[in-house]
């Protein structure tokens, strides 16, 4: 290959990569603009709102700085070597001086990494200790989260509340810390609880009890999802954590503790609920439905979403969900109920009374 | 440009035989593998597949056995004449400018032995510890103060100890501190041993002053992350002073070691019999070359 | 038979043989070179298959709520992609290279156990075919087929009968078990070859680094693949005999499977990357025209990696709720492995430093490797830091990280090997123009794809999801990632085209096209069936250097 | 005969290299050890974790006699291969046969124990975790003994035909390595199952 060709290729490569870089930048900017953080916040791990996630973020900056520095040093050496020591026509036909190695240099570039590793280890160990071995204050809210294929069950044993998919926790003000301590269990396969802005992942493993904790500093809805592959619908096993002000949280707990609302206008739908397979999996307080395979529906309408966050909790979605769950979440364990249109409407009407 | 080396063959042609025995081709390993796989495949499909697999596997075993017993079956391959000349376009080999008169640079090993670095590090660690404890005595009247601060690297933010706790003795904490101190000191000492000869003009200035000051600057920027407790209590003047004490003592000890290089001080790699000719670092020479 | 074998090896007279006879020659062969080629062709076949699966994954993820494939199909595709790439591309290609090169490099005429070699290859090959038969017969002869959909690490209890009825998980287990026995056979063979078949003068301290690294890799295969085999036997006991090893309903432990899997799984990563290191350790010196900088340290670092890699497995499990002490221990070991790995990068740099670097395609891939592997190592440090890992694991960040090691590093190393040894294997050079195009296109596609892939992970995108919600900041990124993946696909097609064109029209290579130093370049290209007409004698690590520079041989200094 | 046409292991200069059969068997033993290690770890991990009975304390009996049989077979096979080295084929065959008998006795012991456990105590592989781990670990070992016995028997048959001589001594040596390994594993399995496991 002649030098002409070499030049040509280098120019082409440089141009192609230049164009790609510009294209990337434009598209990235466009993407950032179109994303609307208000309706559906970006679960960015560098935008934490809770102590564990904040310690991890601070720690990650430290790790990023060190690795960035190493990157710069090594890449400069590499670029320098590639540019400086390329074969030139001037020296053709000659071999460079043959060098076998140098004990000193090799010792130096062994010990410096060892020191860096040592520092990184110490820094990491302290963060691990701080997050994992945090003491539970008396004011903590305790929640048992149980992973199911493909939804979340939340039990507040001290408050007597059972809900699904949307976790409600009080905001934790540094002066009066009310962190939430979660006990993580699984009913079937492995899952992982991950709300990036609140804490790192902790798995939910059958026949094993795990723990994690969060203390959100700011109210709002935080999203996340199951982060351990758990079967067909792993992709739509979404998580929503609603961080409420203390008053809102108390009101929510109060509302959840109420028995199910029984509106006579929806008694037809209730009869459908109680006489079909619904009750095998779902519970509604005060009815003969006590199943635990599916989410507790006693206060279904207090939730914004259905099917573990896969769809908004609207009339149409509810109806579709019972008629043909595969349209929303193919492969979920909710069977198509094969109800007549009349029964379906009655049932939806009934469910819509469960506030 | 190619230069043919007239007689440089791997081996004299007189020793090349006319024919060579190589292991004979055989289908039995394939039959056995197929049988074996089918035996397992039967678990996935139907038992009859396993039966077929077992038959094939047994046939394969017997066939294979007969290939190697009592003697391995071989076949004869005629040797084809090959052009085995070894050529190169690059006949000239450049020399390191530092030793142009030698055929190949084989410079004397002038590195400090590994033990020098370790000794320097340990000596430096003592100097540093003495200074730090002196600081503790002057500041709070307790030598345990700096030791506890050093070990505070393991404390979580929620467990930051009180002033009284910082001034008293804790066995576990003491062990952690000693361990940290010794490991770090030894490693830095080793680094001194390795790097001082590369910058041999003013080793004590470099190792005793510039190194510790750079090192302290680095720590200054990361102390808040690495050891927040220490970071909040630290007296940087004393800290830098103790680092310099380490550097000066370690540097002096390392330099003194080099004056009497003995066989025992040869690095482990050489003592282990691994051939590692010590050559000057290439980076210094690469740049000087035209 | 023998003359037939010869004919093929001389690259002449092939057309005049009936194809049945040629085929018979290949399937019954016990020649290490032919088995090496079979391994490589087999790996290339599965590279195409698993690459196509990757394309399906990337089409599905181009847009949020895309429905190119169903979730069931998506889960099968990513499971098969991972399983295939690791077990039926990575392992065969590394064994193929080792099979072809190790005997040539140590001056031997064949492997220690040539028939075992054939047996091992066929086990691996048939294992792969058995796995893909699952698309047809996953439920046995009694129902429609489906492929495994439990992910390539097949975590319990998703693999139990309750959650995985039919035979799809059994296909995963049993085909890998079969292929695993093949791997163990080949590893035994390589070790025995290296220890027992070296030519006179080829002391351990004079072996080419490629041979050294393959020795370590084979040792690791022996103690890393076997735990997987053992765990798979246990899984079979559970699924076929009603055992309870991983049955969480009967007191079994899901975490135990994770431990067993990763005791295999992490060394496996090094089993894959060390052969790429091996290639670099041969290619970089030749194209820098200098001997390897710090050969003993390279050997030592390799052995250190081998040992340390056995003690880091649980860093894949930081999120399973281990105690803080357990987590800290695995942080330490994980970070410790960065040290020998760093030494290697520095030693390659040291080799290039002060050399005369020739930018032929193999060297380009090696430099690309160094660049990518550096980043892979640094993201590895981030992942190794358990606290950071709690956010990163199970996200697209980790997917990007391990593709940096397996695609950006392993595959780059393998491509370098292809361009470097293709002339030796086929007697013809691979086209340099297409090669450079392949390199640049792949390099750009790789970086568009996998650099960006880190970001959705940081923005909370979990891996193994068949679709995602719009408006989380992942949309544009995923589109670009997919575009990057397609660019890599095109680059790979160019590579295949290059292979085909060069096979027919490539320039003749001659014995030693790169002016190299190891023994394989001293014989014809392709080498005769017996490799060396007379067994060579060596006196240094670079026997051909000694012959080329009789006035200044290495043997005088080593 | 020139040096080159001789089979590979006899190339001049290579005499210092180890015999490939021994190296291969050593590698196989390392690989097998890893498999056994995983099974042993699983056994140890699940000790006392069964949700239902029977427990090892209730049903296991220590097979002292059969253990002695297996362990002494290591001695006999060692002596046998030594005798073959010296060319004493008759004595070799006798000791070889004794090895097989001792191995078979051991297998009989295992079979009797399994029979007792299954029919008297109702312990099968699917009963509980103890059953699963016990039958898997002991079964894995028994499978290795069976393979060993098969190979020993083949050698015996060839030996009776008079086809095993001094020239096969290296191969016999490799086979005896395997048998020693099987015995050594039993020591571990015995300790784990009958000592620690109770």
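Order as written gives the chain letters A, B, C and D; numbering starts at 1 within each chain.
What we mean here is this: contacts are C-beta pairs under 8 Å (C-beta built on N, C-alpha and C of every residue); 3 or more make two chains touch, one makes a residue touch a chain.
Everything numeric in this text was worked out from a predicted model, so none of it was measured.
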{"item": "Comparison of B-C and A-C (more C-beta pairs in contact)", "value": "A-C"}
{"item": "Distance-to-centre winner among chains (Cα means, whole assembly as reference)", "value": "C"}
{"item": "Chain centre separation in whole Å, for chain D relative to chain A (CA means)", "value": "51"}
{"item": "Gap in Å, rounded to a whole number, between the CA centres of chain C and chain A", "value": "31"}
{"item": "Whole-Å gap between the CA centroids of chain B and chain C", "value": "24"}
{"item": "Averaged-CA centre spacing for the pair chain D and chain B, given as whole angstrom", "value": "40"}
{"item": "For chain D, residues that touch 2 or more chains besides their own", "value": "4"}
{"item": "Multi-chain contact residues (two or more partners), chain C", "value": "109-110, 116, 251-253, 289, 293-297, 350, 353-354, 533-535, 537, 549, 557"}
{"item": "Junction residues of chain B - those touching two or more other chains", "value": "15-17, 20, 89-91, 93, 104, 269, 276-277, 282-283, 285-286"}
{"item": "Chain C residues within the chain B interface of the complex", "value": "1-3, 5-6, 10, 25, 27-31, 109-110, 114-116, 118-119, 122-123, 126-127, 130, 133-134, 137, 140-141, 167, 170-171, 174-175, 177-178, 181-182, 205, 236, 240, 289, 293-297, 300, 350, 353-354, 511-512, 515, 519, 522-524, 528-530, 532-537, 543-544, 547-552, 556-558"}
{"item": "Footprint of chain C on chain D - complex, ascending", "value": "4, 8-9, 11-14, 17-20, 23-24, 27-28, 30-32, 34-39, 42, 45-46, 49-51, 125-126, 128-129, 132-133, 136, 140"}
{"item": "In the complex with chain A, residue positions of chain B that touch it", "value": "1, 89-96, 104-105, 109, 111, 114, 117, 153-158, 180, 183-184, 187-188, 190-191, 193-195, 197-198, 222, 225-227, 267, 269-270, 276-283, 285-287"}
{"item": "Touching residues on chain C, where the partner in the complex is chain A", "value": "70-72, 74-75, 149-151, 155, 157-158, 162-163, 248-249, 251-255, 288-291, 293-297, 319-321, 323-324, 327-328, 331-332, 335-336, 338-339, 342-343, 345-347, 349-350, 352-359, 367, 370-371, 374-375, 378-379, 381-382, 385-395, 432-433, 436-437, 440, 444, 448, 452, 458-460, 462-473, 475-477, 479-480, 549, 554, 557"}
{"item": "Touching residues on chain B, where the partner in the complex is chain C", "value": "5, 8-11, 15-17, 20, 22-30, 32-34, 36-37, 40-41, 43-46, 64, 67-68, 75-80, 82-84, 86-91, 93, 103-104, 106, 269, 274-277, 282-283, 285-286, 289"}
